[in-house]
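The structure appears below as structure tokens.
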Amino acid sequence: MKLIVAIVQPNRLEAVKAALADVDVFRVTVMDAQGYGQQRGKTEVYRGREFTVSLLRKVQLMIAVNDEFLEPAIDTIVEASRSGESGAVGDGKIFVLPLEDCIRIRTGERGGEAI
Amino acid sequence: MKTKRLAPLSFCLLAVVLFFLSLFCPISYASADEAPPTWEKMSIEQKLDTLKSSALEVGDDGVVANSNLYVETNTLWTCLAAFLVFFMQAGFAAVECGFTRAKNACNIIMKNLMDFSIGSLSFWLVGFGLMFGVSYSGLFGTSDFLFDAGDNSFNWAFLIFQTVFCATAATIVSGAMAERTKFSSYLIYTVFITVIVYPIFGSWCWGGLFNGSGWLEGRGFLDFAGSTVVHSIGGWAALAGAIVLGPRIGKYKGKEIRAIPGHNIPLAALGVFILWLGWFGFNPGSTTAVGGGSFAFIAVTTNISAAAGALGAMIISWIMFKKPDPSFALNGALAGLVAITAGCDIIPVSYAALTGLLAGVLVVFSCVFFDRIHVDDPVGAVSVHGVCGAWGTLAIGLFATDVGLFNGGGTTQLVTQATGVGAAFLWSFSLSLALFYTIKVTVGLRVSEEEEIEGLDLTEHGIYAYPPAFVNGVQSAGGSTLGAAAPSAATSAIPSVEGA
Amino acid sequence: MKTKRLAPLSFCLLAVVLFFLSLFCPISYASADEAPPTWEKMSIEQKLDTLKSSALEVGDDGVVANSNLYVETNTLWTCLAAFLVFFMQAGFAAVECGFTRAKNACNIIMKNLMDFSIGSLSFWLVGFGLMFGVSYSGLFGTSDFLFDAGDNSFNWAFLIFQTVFCATAATIVSGAMAERTKFSSYLIYTVFITVIVYPIFGSWCWGGLFNGSGWLEGRGFLDFAGSTVVHSIGGWAALAGAIVLGPRIGKYKGKEIRAIPGHNIPLAALGVFILWLGWFGFNPGSTTAVGGGSFAFIAVTTNISAAAGALGAMIISWIMFKKPDPSFALNGALAGLVAITAGCDIIPVSYAALTGLLAGVLVVFSCVFFDRIHVDDPVGAVSVHGVCGAWGTLAIGLFATDVGLFNGGGTTQLVTQATGVGAAFLWSFSLSLALFYTIKVTVGLRVSEEEEIEGLDLTEHGIYAYPPAFVNGVQSAGGSTLGAAAPSAATSAIPSVEGA
Amino acid sequence: MKTKRLAPLSFCLLAVVLFFLSLFCPISYASADEAPPTWEKMSIEQKLDTLKSSALEVGDDGVVANSNLYVETNTLWTCLAAFLVFFMQAGFAAVECGFTRAKNACNIIMKNLMDFSIGSLSFWLVGFGLMFGVSYSGLFGTSDFLFDAGDNSFNWAFLIFQTVFCATAATIVSGAMAERTKFSSYLIYTVFITVIVYPIFGSWCWGGLFNGSGWLEGRGFLDFAGSTVVHSIGGWAALAGAIVLGPRIGKYKGKEIRAIPGHNIPLAALGVFILWLGWFGFNPGSTTAVGGGSFAFIAVTTNISAAAGALGAMIISWIMFKKPDPSFALNGALAGLVAITAGCDIIPVSYAALTGLLAGVLVVFSCVFFDRIHVDDPVGAVSVHGVCGAWGTLAIGLFATDVGLFNGGGTTQLVTQATGVGAAFLWSFSLSLALFYTIKVTVGLRVSEEEEIEGLDLTEHGIYAYPPAFVNGVQSAGGSTLGAAAPSAATSAIPSVEGA
Amino acid sequence: MKLIVAIVQPNRLEAVKAALADVDVFRVTVMDAQGYGQQRGKTEVYRGREFTVSLLRKVQLMIAVNDEFLEPAIDTIVEASRSGESGAVGDGKIFVLPLEDCIRIRTGERGGEAI
Amino acid sequence: MKLIVAIVQPNRLEAVKAALADVDVFRVTVMDAQGYGQQRGKTEVYRGREFTVSLLRKVQLMIAVNDEFLEPAIDTIVEASRSGESGAVGDGKIFVLPLEDCIRIRTGERGGEAI
């Protein structure tokens, strides 16, 4: 089992969710995030003072998958979350972590069953 | 720390001191007047002296000022009413801000502030003259530009009263065009509506209140405080704007219509209460005189109609959508207010309740209708001001004392009212359509797609209205929802939230 | 882009043009009146003409209108005061909304909007008649239903003034019952209080202001603007409601009392300022006449008492809780306003300060007391309106010029005042208790536990007032806090309320 | 569930019943007056009777009340204007709250509430006497402490009107000292400004309005409604406060100046609209009389100047910073209002527009200037009230009818105006500087660094104004930004965001 | 060492925290999350338009534990976060990740000590 | 590759970001968090009722690094996020998780390249 942690642009969230459903990934946990990377920040101006907002809004998706779903899920996310055809700086990252166990709270099931 | 404990104690002390000090201060507010004799027993000189002490301003040297209490009281009332109507600007700003998304809050605020500011200046410079100057064959005024009332105080009061009316018509438009209109283009339009659209139509109906005379008033068209002159004119211009602009990104997707909830309903509600208050200047104030005191009757009809409007909209939304919808109830109160504006002086109270109730019902159907034909009006401005303004103007022909169809009159007045309603639609809608289209093909009317997604606050004004986390938070809702900086783009490219 | 740079430039240009244009416009505001002769030197005809020009409305044809400037000015003032009192609805809505949680914001707004709307209609239909109609042995009015003042403008003003008073009494209740009452049941209660509870008690004290006559006014009970008639009646009804409803989930846990902070203190503060403004209509306006100008004195006592109330509550909260508590300071201002309402016309300014100061102290103790006996009143409505209303009514017996115990009067007035206070409590509390209980056992008074946890906005009205992330965010606070959909579960270290 | 469906139906029913009931109610509002004869044809007795019915209050027994409609109307207008000015407190609270961070929202609200409360009491006790009592050689008043107008209603109105003016001057200071001042020390200062700084300067200019007489008015200094007396005095005190306090942590870092955006621009905008409304009491109300009706002219100049101020500030900010800045546009409207306050009665409308326009421009430059010299004024109070107050006072010397340099007058008035402006600066700035410094070295003026970082709401009042997540959310902005509980600390230790 | 990441219903947060304290787990980091899974979304209605809110509010707990605490912690969370007796759809999941190291910032301690 | 998850005091965020840049770590994802641990909560008071806010505001940084950057990054974070010289209770924790894979969405690059 793996835990996929994907940082994507907020406006791709829906596209990713929809695309994941197509490869039978129906469960996901979403969180607000602020990213900092190659992408340049935005400039705001208040009372004549410019200031750069260096943390940019991102969305983090966390998806626990059984191993066989890993690659399709990654491919799907990459595809659905890329801005335009060639992508843009700031489109984000996907991290894959080993997942040792998974428990469904409702039933107490464990392991691959519970994903 | 020490001051913290000192401060309350010292204030206690101050309070105690205050109290004891004050006990030594003899209070003798109750005055013991000897009752003057009755009128009948007074001599002419006594009568005159009593009258003088009541109605005249007498200087220390015994000189009687050339005072005119009657006119001054009229002037005062007109000014006070104008102040109340001015406050409606705050109401519009709050309603429009609350019913739209957080990422466009500064923008809508700026539009409301600037349309009033520009309107105040341009109406004084040009608009007033076109509306109230000596009329060119009943079509528009030709004098009184750069209006100067000299030492006629009442006319200054008339100017400020008419200015705030004009600004009301202008500000209606911003709501329907919210969240996607270029700021600079909106300003251009503001000049146009306050200089051309509103004053010229106004001159047709109300020119006679000053130096003018209009063809519609000539035919007996009745619109006491402006259901048509102000609200419909604004509403139909708003309709033209919403059509030329097109809907917000993500609002319509094929046959599907999506909700884009506002970000601050309490603010919108506060706005509605402020508008309701302002309307007590708008309608009763349109007497511009205290004579006869009919403003009191008008206050009653105005209030009852608004109440019935809120009730009507709540009930209908409850029946149609299973739940009493706050945004419709708020729209309903405004609908009731707009509708009674035309006939507030001559529609009996019970019919005023009916006028409002039906306006409340109408506004819900109208909002649903415009949504269905894909006219995206975020705050319901077209329905509230355009449609209910028309309804209220026609209601005179139905319910007004003497002239109303159901109240002893025939259909004559109804036909006249319909003429006015039609003229308003043709004039405002087509002229505004032309103008918005011209702006669109020249300097551009709408912001770019990215700017709209990012939010106008950041792209047009450089700053958010609230902490970014509030503006941008992941919404519980999947897509086209509240305040999200970038909600709709994605949803327009892929199956909808509901369908995913 | 191009328009962006064009727009400011073009406005600059416009401004410059405006300015130069305007220089050519001769301004001659300063008028050079020749001073008229002194009164003594005038002939009778001159005197009459001067008076005419001041006090009469004269048509272009020289016809003198049948005007009555005195009555019209009274009517105007009464209307203006009514508008200010109307605006208190916005104040109540803001205070109640700000002091409760974000998940119930739409609901409280809707309750305030609809109780005013329904109250306006039902008071006009029934309530006014019961309150001011010809009295049936001092108990209730029997005429003037579906009130129609005809062409008596002052009476229309009286109607709107009394309507907004009635709505004030009604709206007090919503605060104490916030965050857990079924919307439909609340509406049923609104009809009841505006049709029965308020008007009948009102007829006992104020019926004589119109066609009625009540047993309490007969005994010399004094309540100028309604500390008892409006505020206590509303406050005791609120108490009954809060008792029958029971506390909000998570408020009390065994002996422990938990804080459930409001979600928007600035909104609540704005509400308090609006209420304070409205009170300048409430108290001074209760003169319903300009004669004698006592409204000015009343404005002073009202303001001083409110100021002292805020100060008193702040000081006490500072001493008791180590910090000056904003919500209590705000409550204190309102307490001062409520308390002075009864005697604002006859309590000297220094005693008005004392009345307010004590009300501010009292309201803090009262809030703490009701909390201790587990009556959950989220906004302190019972303490502010019920308790301080009673205090203010009694204060007449202590401080009023001539009749007050400390001001030369004996205890007679104090006893009479106590009778009125007692009657108000018995009438309003027991009747409301019965009604709320009846509603509870029939259609139900309280929402289900899940609905309450989810928030009334979603379950009763289908929509949140703000972006969901704001309504629902994990609170920094451990437990019983702000806006969280499920907050109260368990503070600190203990199992949750909901049953864990 | 069942009630949910029952409720709308039952309301429908109620509505229908209401309607049919009402049809049976004969409405006869239109009254058929027989036109009275023209004035010329009336006998003296007829004339007198007509006048009586218009201008006198006549009891049921035919006794004519000792009424004085003229004075009563003046009293009414003065009171109404005072109510509007009172409402400006809400405006100030909203503006200051919206332009600062969420973690200090309760604190700023409390400061505004308490400075009005304390000011109301202390001005009545002491301030009024110092300002309007019999003057000691033109320097300060010496009578009328613990002011009691007895049965002179107008004087009560005068008291409340002057009280709200005094509170305005006091409340200006809180904005410039926001987000870092100790609450208890602020209260001490409030007593001081309402008891000493404002009343004594006020006695120099306005003492003659009552029993006093001041040296500045003696020299012909003109300040109709208080550009200098109220606004500059408040503004310069604010400047002293901001200087003694020092900037907020994180505002300046070496040569770098950082933005600390406000947390709620719509609230600030609502505040500006409320202030604009209040100004219609402030300026026109300063007539304290209806005679001549000049309040109408004043309302026009006030409005035009505000509009031009908003426009001017918007244009300048657009040119200077590429985007039309909402906070500057809002400041601009206030700048226009402050500037026209001195000469609103004698500056022609076109020059009023110019005065406002220049004030709008000035306020932007002034804010940038004070920022550059590291005076941290979060809301721009010094620029709006101090600088534009001075500008407006000088504008009389330039633009006023007859006396203005550009309007036929010479430089005499200009010099006199400059004297007053200078005196105000010297008096208010140096006295306040001394006082703030005294407070600083005794009880302390500023909260500790940790308290400032944590936010004054929590440390001074124990509670946040909003749900903690809103107050504390990670800001998209790197550092010195919105509402963050602890933004600036880090930035002060390390290279700035921009530099990282 | 393991890192437990638990997604639970927001209204169970307090109960879980309290229960964890009973098994001597006193440290936890909590975050807002939005979940998407088997549980159906809520329907809201605005101006007559219904819309389904498919992302539902959850709370994520992150707890670093030494191995011997893992099972008690999991059992405790499952028990305390289940809705009612038999649980409800949407009650959430627990993920167990391997934790390689842990550093206490205050002291610089590392490993099991620092948990 | 490792995934560093650091819980720090919010007011140290800028300092940490800046210090990381000095050791050539330029990418980071930041999230709001609420912590619960040894640090005592704050006491608030509303209408005379005191209540303890036991969850305290923290910030979570998530940084994916190649192995050679791990120790410098940890040291940097520890140093920059400590309050004062000797640290204060509540200064937070750093967790190190094994990272199996990393994908850059824009380009589709994988592994160490994509960090």
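Every chain is named by a letter (A, B, C, D, E and F) in the order it is written, and numbering of its residues begins at 1.
Throughout what follows, a residue touches a chain if its C-beta (ideal position, glycine included) is under 8 Å from a C-beta of that chain, and two chains touch if they have at least 3 such contacts.
All figures in this text were calculated on a predicted structure; none of them were measured in a lab.
Counting steps between touching chains, the shortest path from chain B to chain F takes 2.
Common neighbours of chain A and chain D, listed by label, are B, F.
Shared numbers divided by all numbers used gives the overlap of an interface; between chain A and chain F this overlap falls below half, so the copies present different residues. The best fit of Cα atoms from chain E onto chain F calls for a rotation angle of 120°, in steps of 5.
A count of C-beta contacts for the chain pairs B-E and B-D puts B-D on top.
Per-chain Cα centroids separate chain D from chain F by 46 Å. Mean C-alpha positions place chain C and chain D at a centre distance of 24 Å. Separation between the centroids of chain C and chain F, computed from CA atoms only, is 51 Å.
Those residues of chain A in touch with two or more other chains are numbered 17, 30-32, 34, 44-46, 53-55, 57, 97-98.
The set of chain C residues touching two or more other chains comprises 4, 7, 11, 18, 21-22, 25, 27-30, 44, 48, 51, 54-56, 65, 67, 69-70, 73, 80, 121, 146, 148, 183, 261, 264, 270, 297, 308, 311, 314, 321-325, 327, 349-350, 353, 462-464, 468-470, 472-479, 481, 484, 491. Pairs of chains meeting the touch criterion: A-B, A-D, A-E, A-F, B-C, B-D, B-E, C-D, C-E, C-F, D-F, E-F. Looking at the complex, you find that chain F touches chain D at residues 9-15, 17-19, 21, 30-32, 42-46, 53, 57, 59, 80. Put simply, chain D touches chain C in their complex at residues 2-4, 6-7, 11, 18, 21-22, 25-31, 33, 35-40, 42, 44, 47-48, 50-51, 53-57, 65, 67, 69-73, 75-76, 78-80, 82-83, 86-87, 89-90, 93-94, 97, 105-106, 109-110, 112-114, 116-121, 124, 146, 148-149, 153-157, 159-160, 163, 183, 264, 267, 270, 297, 308, 311-312, 314-315, 318-319, 322, 324, 346, 348-351, 353-354, 357, 401-402, 460-470, 472.
Chain contact summary for the complex, chain E toward chain A: residues 2, 5-8, 31-38, 55, 58, 60, 74, 77-78, 81-82, 86-98.
Those residues of chain C whose C-beta lies close enough to touch chain E in the complex are 453, 458, 462-464, 468-469, 472-474, 478-479, 484-486, 489-491, 493-496, 498, 500. Partner chain C is touched in their complex by these residues of chain F: 34, 41, 44-57.
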